[in-house]
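Attaching a single structure in structure tokens format; questions to follow.
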Amino acid sequence: MTIVLGANQYGKAETRVVRVDRDGDRHALRDLNVSVALAGDFTEVHLSGDNSAVLTTDAQKNTVFAFAREHGIASPEEFALLLAEHFVGSQPAVRRARVAVEEFGWERIPATGHSFVRTGQEVRTARVVHTAGATHVVSGLRDLVVLNSTGSEFWGYVKDEYTTLPETRERILATSVTAEWRHLAFDDSYASVKAVLLDAFAVTHSLSLQQTLFTMGRRVLEEVPGIAEIRFTMPNRHHFLVDLEPFALDNPDEVYYAADRPYGLIEGTILRDDVPAAEEAWIS
Amino acid sequence: MTIVLGANQYGKAETRVVRVDRDGDRHALRDLNVSVALAGDFTEVHLSGDNSAVLTTDAQKNTVFAFAREHGIASPEEFALLLAEHFVGSQPAVRRARVAVEEFGWERIPATGHSFVRTGQEVRTARVVHTAGATHVVSGLRDLVVLNSTGSEFWGYVKDEYTTLPETRERILATSVTAEWRHLAFDDSYASVKAVLLDAFAVTHSLSLQQTLFTMGRRVLEEVPGIAEIRFTMPNRHHFLVDLEPFALDNPDEVYYAADRPYGLIEGTILRDDVPAAEEAWIS
Amino acid sequence: MTIVLGANQYGKAETRVVRVDRDGDRHALRDLNVSVALAGDFTEVHLSGDNSAVLTTDAQKNTVFAFAREHGIASPEEFALLLAEHFVGSQPAVRRARVAVEEFGWERIPATGHSFVRTGQEVRTARVVHTAGATHVVSGLRDLVVLNSTGSEFWGYVKDEYTTLPETRERILATSVTAEWRHLAFDDSYASVKAVLLDAFAVTHSLSLQQTLFTMGRRVLEEVPGIAEIRFTMPNRHHFLVDLEPFALDNPDEVYYAADRPYGLIEGTILRDDVPAAEEAWIS
Amino acid sequence: MTIVLGANQYGKAETRVVRVDRDGDRHALRDLNVSVALAGDFTEVHLSGDNSAVLTTDAQKNTVFAFAREHGIASPEEFALLLAEHFVGSQPAVRRARVAVEEFGWERIPATGHSFVRTGQEVRTARVVHTAGATHVVSGLRDLVVLNSTGSEFWGYVKDEYTTLPETRERILATSVTAEWRHLAFDDSYASVKAVLLDAFAVTHSLSLQQTLFTMGRRVLEEVPGIAEIRFTMPNRHHFLVDLEPFALDNPDEVYYAADRPYGLIEGTILRDDVPAAEEAWIS
């Protein structure tokens, strides 16, 4: 046998850049966390420590800051695109760049022009994978925590020897949505997608979290143009109805214990059948 | 010398209770994390393991759930009051109960009646300390992250041998506000206090974070009736202007690096001079 | 276009199970966090909410506890194997089971038989992917934090227009090792692999973190039999030499600032060229 | 009424400093997280933003690094003492300095001289409070996670209307110890105290966690000279015996579910009756 180098990448992770656009008294703010990963002809640095093909991660960080000044931040996706194209275009050894971005939301404090408060609701995400042959743009969000206090059932499942869960026609359904959608051609439809996700979660009468997940994905693909596929990771944040009988109390679907662990975890992809797959878009 | 037992308390921490109020199609939701700590005549359990005075922490947890059913959750403060009075009133050994509550905010998903999304902005807090002789109610919030993109200066400070920081007439001022205010008599003024805190942060032209902190506190005491004192913990979330000169770029207060550690930490109390101190209210 | 369901899986995540083996006064302890993910014929539950093929995640949790009693926990890998085979073997709809395990280490408190203290050093990990056709076993660890205070250089890299980093022949090299190795046939060689990883990190004179990473992997494959490939994720935990000149002090490689973000992130796979690839083993 | 400034302090938190002592091939390492808080005559900076009495937190950070070079780090307590005395001694406005330190442990990788691995077991802590009139030194640790698999009972407690917990003569007792001990005169007895804490936890047949806590404290005061008092915070990390009867299995104290929340929380102080109290030592 011979021992060889397989897949590898490197880069600067979590460069925290904030750009302020000052237009008189009314400022705008973008607040990003940018992670770069480069792959290509990097065998020598692994085998002998020869760094002659290596663009330092420190230079990658500098590039993030310089590009924020030179090009501004139109959106996390467009900023990631600029960076990914730059690294592949300027470094002969770099065959593929993946730029992942988190964006933290801020809203203006009422009646002010340059004061902001973090929205805190969800984190917007983006990732771009760029090679000489292809460019993939994926938008997303994480930590969008939602709950339906009715309209959720769970019954009709397998009963094996380890099944003790009683069936229910009424439960709380709660999850923290992580979703990422791949664009055919990037268009900044973030607000539309978020609105569809919230509405689909709310209006779906749910027989399982899987059904809710699929419906959310189907509706995004149907209602927002230009999206090839959407991937979800949705923990089932269990809310257990508390048994109050020992205290001579009923509990008419009113008092719940919100549990931490363990939790169900539901993952799924919804896609159009007329679009080629693109696994490369999803490298982490 | 003799070795003796000093101050002590015990209780159930972090009981996660969610109460749904169902009124036709329009539900309401309260989502709390409740921590109880009891103090009193508990020497024997420490010295000999005699538990005859001990109300189990498991029973405390049950009480939280049962009270959510029996009394509802009008506000985190009122729920904490009910619990604290119950433990002191019903257990001879318990001389003091402290009930601390975190409340997680939810807002209705537009155009729905029973679907919610976590607001995520700040966590509301409350604590009640109750003894036979006195009851203290403290309301608060944490993780309210705010930023002014202008209107902040920092100069005129001590220059000792370890001082290298250049003075500035223009910087970003950002912090994560933790504030707790003690009531003379509890009134649910949470929304008013939050609004004053945000406005005071925004409109204060700041020569130091201490000045901003004091102004925020002064304005709460002036504008919201019935508050004896307010305590702040405010980290200075440093945003450093990036030096882009090595890349032949200027940086006209536009591109910043948001740093994690270290950070300045500013703590202060603002109070009325006509109200007696009440250290007991603030036990952790 | 038609909208269809793509890849999907579901299961119970993070079941925390502790098993005590009592043998007179000398007990043994295994402390696991078990996450199950099942894939197969689950289209209906997504499309219509028909749960008739669904083994509940609650039953999966129960199975973890019951198997800990019935079979014991010989190692995280063997426990994961039992579970994965059970789910595929007993549920017609389940075509693939992935069981991921974290194990938390405990050591005996000196001179005692049933008292333990968490070692805290690293977390041991395991994952098994089982289908009718194949079984893959991957062992690993995370959070093994290591540091060389000398023997590390970094120079000879690309100098582009954004490069400002000075070359160095002496730096601190520190990282938090995440490593996972795929077995040809499982053998519990955890302690050997960990020892080789530590020794290889220590004795490699490093010209780059990539070189160190490759050497660590090569040595594991050379020195521990039966391993097909090993994958690393290694953040470069930057330790910056502090400039003390403003205080009229030199700094002969003595005082460092340990930075949090951003950080370099190095990822790589080392493998034998005579073993077929098995991407399925690595699904997350 | 008049609105006035109450207690306040400010400083630089979480300066991460690593010092390497190089002595030929055998290096030594200290890895600290240092937080400074200064109090004194700082009314003006709050009221008007006049910074003329303010030593910047940036200078405090610089001082930490410079002192690590000038004085070395003999122990976290001695390093904190040097810093606290410096700030009070050199700044007229500073009446009190509190320096809190976390120390992260490293052990040498076997058979090497300059390679280290994080021990990970517990975090060592220290805090010094220094004024013109008094100096207090508190040593401590946190995150020391311990477990007894037998030798713990819990019965004989109050049964109120919310009590459902069954009594037990056999349970797992597990906790994460946070302990801090105040010195009469500082002596580096960290290893001795940790050893006593572990042994006392292990050998105490426990009727309650409070009893274990008191015994741990009493033994430290008896066996380690020069300690005035010790304070504990000990969560009861519940391990619940899993009911396996639904699966036709017994569970002879063998398989447990390790729960996260809620948890019991036990806090207590053990002290010598011949030593004056010193609340000032414990400001956070």
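Letters A, B, C and D mark the chains as written, and numbering starts fresh at 1 in each.
We adopt the following convention: contacts are C-beta pairs under 8 Å (C-beta built on N, C-alpha and C of every residue); 3 or more make two chains touch, one makes a residue touch a chain.
Quick caveat, the model's predicted, so the values are computed rather than measured.
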Contact-graph separation of subunit A and subunit D, given in steps at minimum: 1
Fraction-based call for subunit D against subunit B, same above half, different below: same
Rotation angle superposing subunit A onto its copy subunit B by C-alpha atoms, nearest 5 degrees: 180
Chain pair with the higher count of C-beta pairs in contact (C-D, B-C): C-D
Reference subunit A; chain at largest CA-centroid distance: D
Centre distance in Å when subunit C and subunit D are each reduced to the mean of their C-alpha atoms: 30
Inter-chain centre distance, subunit B versus subunit D - centres from mean C-alpha coordinates, in Å: 23
Distance between the centres, which are taken as Cα means, of subunit C and subunit B, whole angstrom: 37
For subunit D, residues that touch 2 or more chains besides their own: 16, 62, 66, 162, 164, 246-247, 260-261
Complex contacts: residues of subunit B adjacent to subunit C: 161-162, 164, 246-247, 260-261
Subunit A residues touching subunit B - in the complex, by the definition given at the top: 16-22, 27, 29, 31, 62, 65-66, 68-70, 106, 109-112, 114-122, 143-151, 172, 198-199, 201-203, 239, 242, 244, 246-247, 249-260
Subunit A - residues contacting subunit C, complex: 1-16, 35, 37, 42, 45-63, 66, 90-91, 154-158, 160, 162-165, 206-208, 210-211, 213-214, 217-218, 221-222, 229, 235-236, 261-275
